[in-house]
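By letter and in written order, the chains are A, B and C; residue numbering begins at 1 in each of them.
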Amino acid sequence: MQNPQLTNDGKLKHLLSIEGLPKAIIKQILDTAESFVGVAEREVKKVPLLRGKTVCNLFFENSTRTRTTFEIAAKRLSADVITLNVSTSSQSKGETILDTIDNLTAMHADMFVVRHAQSGAAHMIAKHVAPHIHVINAGDGRHAHPTQGLLDAFTIRRYKPEMHNLRVAIVGDILHSRVARSEIHALTSLGVPEVRVIAPKTLLPENVEKLGVHVFHDMREGLKDVDVVMMLRLQNERMAGAMLPSSQEYFKTYGLTPEKLALAKPDAIVMHPGPMNRGVEIDSAVADGKQSVILPQVTYGIAVRMAVMSILAGNS
Amino acid sequence: MKNLPDAEVLFEQLAEKIKPLITSETALVGIHSGGAWLMERLLPLISPAGNGLANGILDVSFYRDDYSQRGLHTETRPSQIPFEVEGRHIILIDDVFYTGRTIRAAMNELFDYGRPASISLAVLVNRGGRELPIAPQISAYETTLTPDQNLQLLRQADGHFYLTLEENS
Amino acid sequence: MKIHIKNGHLIDPKNGIDSKKDLFIAAGKVVAIGNSPDSFVANQTIDANGLIVIPGLVDLSARLREPGFEHKATLESEMQAAVAGGITSLACPPDTDPVLDEPGLVEMLKHRAKQLNLAHVYPLGALTHQLNGQEITEMCELTEAGCVGFSQADIVIKDTQVLWRAMQYAATFGFTVWLRPEEPYLAKDGVAHDGEVAARLGLKGIPAAAETLAIASILRIAKETGAKVHLCRLSTAEGVDMVRAAKKAGQKISCDVSANHLHLTDFDIGFFDSNAHLRPPLRSQRDKEALSAGLIDGTIDAICSDHTPVDDDAKLYPFAEAEAGATGLELLLPLILKWAEDNKLNLNQAITAATQMPANILGVAAGDLSVNSNADVCIFDPKKYWKVEANSLFSQGKNSPFLGLELAGKVKYTLVNGHIVHQST
């Protein structure tokens, strides 16, 4: 099966998922992002790579944070940026996704950044766009959020360059999390030998161990001696119902407190894709503590997205 | 150009030519990768011990004009300009001067750090063939090559320089 | 009209024929096999040299989409597709719009089908009014109008008391109840087998237990009420085991599998191919193998096409939102041939599951070539490969997980009631 993300000669055509990306491309993205980190510290925080190109942020599902970082990234590459919150415009008038795409293509968009509530939406769009257009998946359903996975890998590499020696734990709602899936693929591709997932059985997908992770249900056991703790956001709608009894019980069993963090290695770093639910999945003392790298994640997110966009736009 | 000149000899000459231009306001900026190697070895030669000369490295990948044809270079290095560019007399260092496009990119990048007082260009070899109104002020060697010839500066493990000439068919 | 089909290799599982034999047809019936009857002068002779002659296929599930979904398919297009696939009898589920829950609608469908004079159509009536799972339909009236059984299509009766009553009522008159086993709460919003692929792609899973729990309750209620039950589209290894055990214990049930599930697994979803969005979902390799084994040992009685033509627009959505289903009428025969080859079965055994066995389940005179039976015949070239693509299909549904594949087995002639209704070069 031809990998829909790559051109015939193996270059990155779209970024849809980290799964199936050659390690060399993942490394190229992270290395390029290193160069972009410096750009943000200059007098002029812009490079001319995407001058004359139009990047279209197409958000079928709202996300202020992700949308903003993609916007900044595109603008720092000198692209023209259009942002459409489709959930509130044409979709409600019955226009299909592909109609929307065709319309924007007619307006000479060169790149689509797509967020959609359904798994596989970005793949579908990539399959149907004109050949010169690049698609970046900014989150599709539960499936993938590849730029988040990459920026998390980038952050880890900055703090813990010896990735071949790491033990990483991902804690929380793995079942519904596109972030977790992308993190798992990024870390295993980059050679992290032990990736753990820690969650109650109701928040783990069937056969999750087939993704190459070790499963823990007891957080104290799972955090033992890890180098990196990656917390996931618990969506409001899961906090009560058949999956979990209450956010209080969740905090007690799977919330990251200083006391639980003490079980990890003393120099372990704590990450979170944001926005955080303080007191649900993470204690403020940890979120704001000295092991937290949550704000650097946001900064690096822009550099990583600049790297992805500039590599894609150059592969015509 | 049957016999390639000795790069080490050219390097000595380049250093001698640059020395007179150095003031306290000078900064050396090497262009990745050949220019950066040259700058690394120039520094101890031309700046009196203890008087560290401002210096930096540029990787011009983000400013190249062939991006839309050739895409982003697969190996980019972060540019490092750890000094205030504003008001500085900058000497750009590169190995081989050819079309001038790399220098155009480097100047654009420098201006994104601030407004230098002046920029001059010093190269090891000027091989002719410029396509822009840009020329080196200093070169250790001048020759004329055809477009299908590719002159490159390489570095041995011990840091010594040598030149290679490839004929692209 | 007298037709002489000569030099063909005749396979008729019911009559134990599997050899080179001529077939003689007159007045819509088979009049002789082997030697020409006295004074038989053919109006037309079909040279079937190198071809295989079998009873027309009997398909237990083909959605014709009429009435109500003519933008997806029409009776004309799908009946044409049926005979192009060598299918001469087919059962259609009641999930049309309006639902087949009134005798008038059934009569109209039968009438329209008869006018087209292609394959025989055997409607399944709705088991409950509007398929709402609450009030049972006029089963006797519907049977009189032409229904051969009662089905809920893909809509499950959640209320077990209603299911119980519906089976009791059907049992009173000996009607067969057709149910696709799926526990609705466990399957809720699911779009793929709850396994590794769903985990990777982030698709909501339907656990195998959704099927087995439903089979358990259906089998139990059938036993209590004495209803005749046909289980549609088995998809799990455990489901096959349960049916095997029930049959062994003497329970009178039948079941079928779709040709898709004999060949494909959840891995064929690939990168969210909405053509592989089927109901029930494509399951694991282990399930696929168990279905195959169940068909070979007779636990599963029949193979059907589960023909569900979907318009292109309805597939142009992200996987979960895309409409489930695949076109199947023209793929049934090639997929049976491929299944036989993959499992090293002789054709005789493989073809039984799409001729004699489904005809028995429907209780109709079809699926064999006995003397005096209806001359419904399929003549095909087993070695001719053809590529599955939009313009090679008569069906208005161009959606198939097999698109782009080359399959062996091309129907050359299809006869219904002794008339040639399809011929290809």
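In the analysis below, contacts are C-beta pairs under 8 Å (C-beta built on N, C-alpha and C of every residue); 3 or more make two chains touch, one makes a residue touch a chain.
Everything numeric here is computed off the predicted structure, so don't read it as measured data.
Participant: If you average the Cα atoms of each chain, whose average lands nearest the overall Cα average?
Facilitator: Central chain: A.
Participant: Of all chains present, which has the mean Cα position farthest from that of chain B?
Facilitator: Centre of mass proxy via C-alpha means gives C as farthest from chain B.
Participant: Between chain A and chain C, what is the gap in Å from one C-alpha centre to the other?
Facilitator: 44
Participant: Provide the C-alpha centroid distance between chain A and chain B, rounded to the nearest whole angstrom.
Facilitator: So the centroids are 39 Å from each other.
Participant: Between chain B and chain C, what distance separates the C-alpha centroids? Give it in angstrom.
Facilitator: Averaging C-alpha atoms per chain gives centres 75 Å apart.
Participant: Can you check the complex and tell me which residues of chain A touch chain C?
Facilitator: 1, 4, 16, 19, 96-98, 116, 118-121, 123-124, 128, 140-144, 178, 181, 205-208, 210-211
Participant: Of all residues in chain A, which touch chain B in the complex?
Facilitator: It is residues 11, 28, 31-32, 34-35, 37-39, 42-44, 46-49, 310-311, 314-316 of chain A that touch chain B.
Participant: Help me check something: in the complex, which residues belonging to chain B touch chain A?
Facilitator: Checking each residue of chain B against chain A gives 59, 61-63, 67-68, 70-72, 74-80, 85, 108-109, 111-114.
Participant: Over in the complex, which chain C residues touch chain A? Could you list them?
Facilitator: Residues 194-196, 198-205, 207, 270-272, 274, 313, 316-321.
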